[in-house]
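Here chain A shows up in two complexes: once beside chain B, once beside chain C.
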Partner chain A sequence: MDFVTGLRCRECGRSYPAEALHVCDFCFGPLEVAYDYERLAAAVSKEAIAAGPASMWRYRPLLPVDDPNPIDLGAGWTPLVRADRLAAELGLRELWIKNDTANPTGSFKDRVVSVALTKARQLGFKVAACASTGNLANSVAAHAARAGMASVVFIPEDLERAKVVTTAVYGGTVVAVRGTYDDVNRLCAELTSERPDWAFVNVNVRTYYAEGSKTLAFEVAEQLGWQAPDHVVVPVASGSQLTKVRKGFAELHQVGLLPEPPAVRVSGAQAAGCSPVAQAFADGTDAIRPVRPQTIAKSLAIGNPADGWYALRAVRETGGALAAVSDEEVLEGIRLLARTEGIFAETAGGVTIASLVRLVQQGVVRPDERVVCFVTGHGLKTVEALTGVVGPTATIAPTLEAFEEAVGAELDADRRTR
Partner chain B sequence: MDFVTGLRCRECGRSYPAEALHVCDFCFGPLEVAYDYERLAAAVSKEAIAAGPASMWRYRPLLPVDDPNPIDLGAGWTPLVRADRLAAELGLRELWIKNDTANPTGSFKDRVVSVALTKARQLGFKVAACASTGNLANSVAAHAARAGMASVVFIPEDLERAKVVTTAVYGGTVVAVRGTYDDVNRLCAELTSERPDWAFVNVNVRTYYAEGSKTLAFEVAEQLGWQAPDHVVVPVASGSQLTKVRKGFAELHQVGLLPEPPAVRVSGAQAAGCSPVAQAFADGTDAIRPVRPQTIAKSLAIGNPADGWYALRAVRETGGALAAVSDEEVLEGIRLLARTEGIFAETAGGVTIASLVRLVQQGVVRPDERVVCFVTGHGLKTVEALTGVVGPTATIAPTLEAFEEAVGAELDADRRTR
Partner chain C sequence: MSVTVRIPTQLRSLTGGAGEVTVEGSTVGEALKALDAAHPGIGERLFDEAGELRRFVNVFLAEEDVRFLQGLQTPVADGQVLSVVPAVAGG
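Right, the complex of A and B next:
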């Protein structure tokens, strides 16, 4: 049962068949998947979803590929954790963390890749490819291995070691490129025409790929008891995730799973060292000026974001805002989340938490709102960022005396004075 | 509703109240939690479990702590993945991977820690402590942070960097000890009497802690449609996990969730550089001789395993076997699982997969069995082990020409000859 009616240009509205197309031939606007929402409304139910798998594929009718056996490592259905201790520090009433570090390869990219490669396989592609800042590379290589597809993954040369190893271990081809992500992306755009039989998940099958991010919104709503939050804070790299989270909440109403049209305020998080969308927001302009990234948040280091303008519009239309935070704030954000809630996020998650802090200070995120913050990658992926920042309290010989001298007495004194 | 009747000595059967006790005062045997299985049988149902949370706490009645708000980061309910590509390489009919890398801190330890700290809090402890080879340290520090408890975590000095950072980031006290895990453990055993107000999760609350591993068996059975597998392969460090997996399957029958008494063969996996239990099995003796560990599988590097004898007995009684594999086989095991199934395991997972390979070759694991392999930690935790082993295929300038020269032509030739 497929509810996709085709692809449609986001700009001029022209229709296309559901093939490996991503750009409108007439106006060069990006294409988006179109669904028959009336038929969908009749077909979906909370009960059917609840009886589905404990993964993002519980929302299969709302995804753009109809395959009873998707390429699936178990992406999605990650914990939505109530963060009372963090909320107390920030003066918020109700804060939730969508902990998407708990995906199979440790980031939300598993959601988009699972959709993209399942569709690519259906369309007859035998090779999975991508340009990546790291997380996408991990996920494409893993899902391709699972499916027995070949993979060719392009990454900037200066990536974190963990992300390189976690890509190469799956046995596909890994090409390190001397340049930024934007250089890598440009090369892949050229290669897409040279290698029409390769599925570049974020180029020629991007239309399908991007839809995977909607499941973040679906899950949040279901986990809140089929309610939308008041405000979400979403990291911005290409901008795709933010726009799709908004679309996800809207679709739930269109198919009758949310009774009211959701009024979710959408805010975005960027690192100051790569903040073209936040800068445009601050300047009150529509023009997003490309930048050369310089930040420890490498997974967000897209200087020329494909969906930046759409993200900007979504933020403005919903009354949200965009923050740009320094690398120091990113590290502080990682430690704040870890210390209060026991969740270790990669640098991108530090950007999101630091942006939340900033938006609370600015009064954008309000104390009485129900807030959901998307933490989208695991801290194990960017251990470098914290080396020298955190470490053992002490190193001792294996004796009681050594312990008491180095740590014990101080700990006890500390506890007595509390 | 609590179904715990108390603690009972595994050796002499004496009863104790459900407090922070772990050793029998009379015979020094280890204590185990006792349940009222008759009342449990009347209380549990497949339906109630299915309606529970998407975490290990769906089995709350079968766990030794009754708390509607456990200290919970979302441990458990991890994917059980059918591994047809790996099965084909090994000549097996039906192989499943229990992918416990997908836990909040990246290892199965989240299961035992969630139970241990919830019980410790209930018993009035304010400080969470442990001796750890790394994964337990990560998990104790994270769960303590989540609960707002203080934590004091002891690790061997030579631990992988990722595991040190992933412990320290949560803001607790981290003590690096110059010595092996067994030295660290000895120090903690001494400290337990010096600091009676600290909950050492694997010492004075070990009785509760260990019960968390039963949920591995519970989940496997539920995910197989309430059936037990024929054969499980489980990594052996202290030996606790293996014995509790066996106990978990047995309990499901005791409470009526499995119709037949399960006949699950249980096999164990060790690294040759730390294989005291496998050695005793090979020698046909009951005496487990402590060893000084020397292996890249640091999370299994327990030279004097507390539950080694019980693990050995479980393996023998069920007709399983124990394998001991070299570090080279461990790396090959990691790559085999990654290449065929898209799952990146830490070195301990490499031990388990390499042991599976060995046990298949030896005819212990039989082609017609339904086999489940427990992969218990994420590869991101032991990236060091693969550095220099896997890496980029090529490093190129960001141009089509550079790509074609370095990789493209070869890839195309490769595909044409297939």
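Right, the complex of A and C next:
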């Protein structure tokens, strides 16, 4: 059963049918899926969800595509890990990591792509395309392969090698563009007008695509025993994920799965080398000035964030904040999470952890809160960032003497290895 | 100055389906005003009440976001290409 009533412009409120439309014809504002929440409330239940698949598709009624066989590699239902060691280091009482590195292609993008391509197929598209900083490229190429669709993905040419390989291996077309992600994005926005029979997941079907991120909030609430956390920390690139995480918690109340309207404080994480939203927050302005990205966190390197304004508003309305952290802090964040919790995040995850550290220091994230941090991409995608930062403790000849000389004494002095 | 403006799908109903329109103007703002004069209705789609570009409208001059240049005051040279592009989500 389908609960979608159509699409609606977030700026001027004009209505549109549920087709491959992403921008209001009138004011260019982004379109958003509209649902019949009354009918949804009558149709969803905790029991039905619990009986569903161990994937994001357990929330099918709350997603904008009605298909009993979605294009699915098993995205979602990733671990929510209680992070007591990291909490202790930061002086927090209750901290959880939503480990979305555990998705099929190693990032949360599998959630949005599974929705986008299922809807695209339903609308009759045969070609899946995207502009990507890497994670989306991985996921579009993989899901297209799974569905037997052709794929054409556009990436900046300076992308991490791992992200190029893990896209190209699926056999689709990969176009490296000489320019930044914002250049790639503009090219794809223009191409959408010239190739209207291609489904650009983050352009002409982005209205559906973006909805996939709501499942991050759905899962966190369900995994906490149908409770909303007090505070979430979410990475910000285009701002779409943060906006949809907030919407996800609100929808759970609208359909009766959370008894009270959730009062989740939403905070955002950006790299200082690409922090247009954090800058606007710090300046107390509504105007988000585009920037030229310069950061190792390439998956967050969007200098002109389409949903930045909505992310900014969500942060302000919920009493959160935005942090902008240096590349050194990003690397430290990756190592801190790995060392304390055994989770290896990509640079964007380092941004999130480093931002959490900063927000705790600033007193924004408080010790009495139940905090959830979204770690949304796997560290193996960005190993280059750690080249020369971590490596073998020692390189030795295969002899006892060499071992003792190199590290033996040090290990003997350490209580944990004695 | 003669400038070519690339028109996105969303505005082609106002240009009789044309994906490119050639107009005269010495700045980005003048060129877009000339576009509105030639195809009435485009102006209110691009500009807000204060006469600024709407939040979700991006304009590129020779592939460069005019917000990085001098905005609507950016001078244009003869034969340059202006692209009007809606904002896009992340990736």
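Here is the rule we go by: the second predicted complex is superposed on the first by the 415 of 418 C-alpha atoms of A that agree within 3 Å, B and C clash if a C-alpha of one lies under 4 Å from a C-alpha of the other, contacts with A are read in each partner's own complex, and residues count from 1 in each chain.
We take it that contacts are C-beta pairs under 8 Å (C-beta built on N, C-alpha and C of every residue); 3 or more make two chains touch, one makes a residue touch a chain.
Source: prediction; values computed, not measured.
K.L.:
Looking at chain A, does chain C or chain B touch more of its residues?
P.N.:
B
K.L.:
Go through the superposed model and pick first if A:343 touches only chain B, second if only chain C, both, or neither.
P.N.:
first
K.L.:
Examine A:263 and indicate which partner it touches, taking first as chain B and second as chain C; both and neither are also allowed.
P.N.:
A:263: touches no partner chain.
K.L.:
Based on the superposed arrangement, let me know which partner A:42 touches: chain B (first), chain C (second), both, or neither?
P.N.:
In the superposed model, A:42 contacts neither chain B nor chain C.
K.L.:
I'd like to know which partner A:196 touches here: chain B for first, chain C for second, both or neither.
P.N.:
In the superposition, A:196 contacts chain C only.
K.L.:
What is the contact status of A:282 with respect to chain B (first) and chain C (second): first, second, both, or neither?
P.N.:
Neither: A:282 stays clear of chain B and chain C.
K.L.:
Under the stated touch criterion, which partner chain does A:29 make contact with: chain B (first), chain C (second), both, or neither?
P.N.:
second
K.L.:
Which of the two partners, first being chain B and second being chain C, lies in contact with A:183: first, second, both, or neither?
P.N.:
After superposition on chain A, A:183 lies in contact with both partners, chain B and chain C.
K.L.:
Return first, second, both or neither, reflecting whether A:206 touches chain B, chain C, both chains, or no partner chain.
P.N.:
The answer is second: A:206 touches chain C but not chain B.
K.L.:
Residue by residue on chain A, keep only those touching chain B in one complex and chain C in the other, then list them.
P.N.:
On chain A, the residues that contact chain B in one structure and chain C in the other are 179, 183, 186, 190, 194.
K.L.:
Can you name the residues of chain B that touch chain A in the complex?
P.N.:
Residues 54-55, 73-74, 77-79, 81, 85, 99, 101-106, 126-127, 141-148, 150, 152, 155, 157, 161-162, 164-166, 168-171, 173-179, 183-184, 186-187, 190-191, 194, 334-335, 338-344, 378-381, 383, 386-387, 390-400, 403, 406-407, 411, 415 of chain B touch chain A in their complex.
K.L.:
List the residues on chain C that touch chain A in their complex, please.
P.N.:
6-10, 12-13, 19, 45, 54-58, 60, 63, 65, 67-68, 83, 85-91
K.L.:
Considering only the defined contacts, which chain A positions touch chain C in the complex?
P.N.:
Interface residues on chain A, with respect to chain C: 11, 22-30, 109, 130-133, 135-137, 179, 181-183, 185-186, 188-190, 192-194, 196, 202-203, 206, 209-210, 237-241, 289-290, 292, 302, 304-307, 309.
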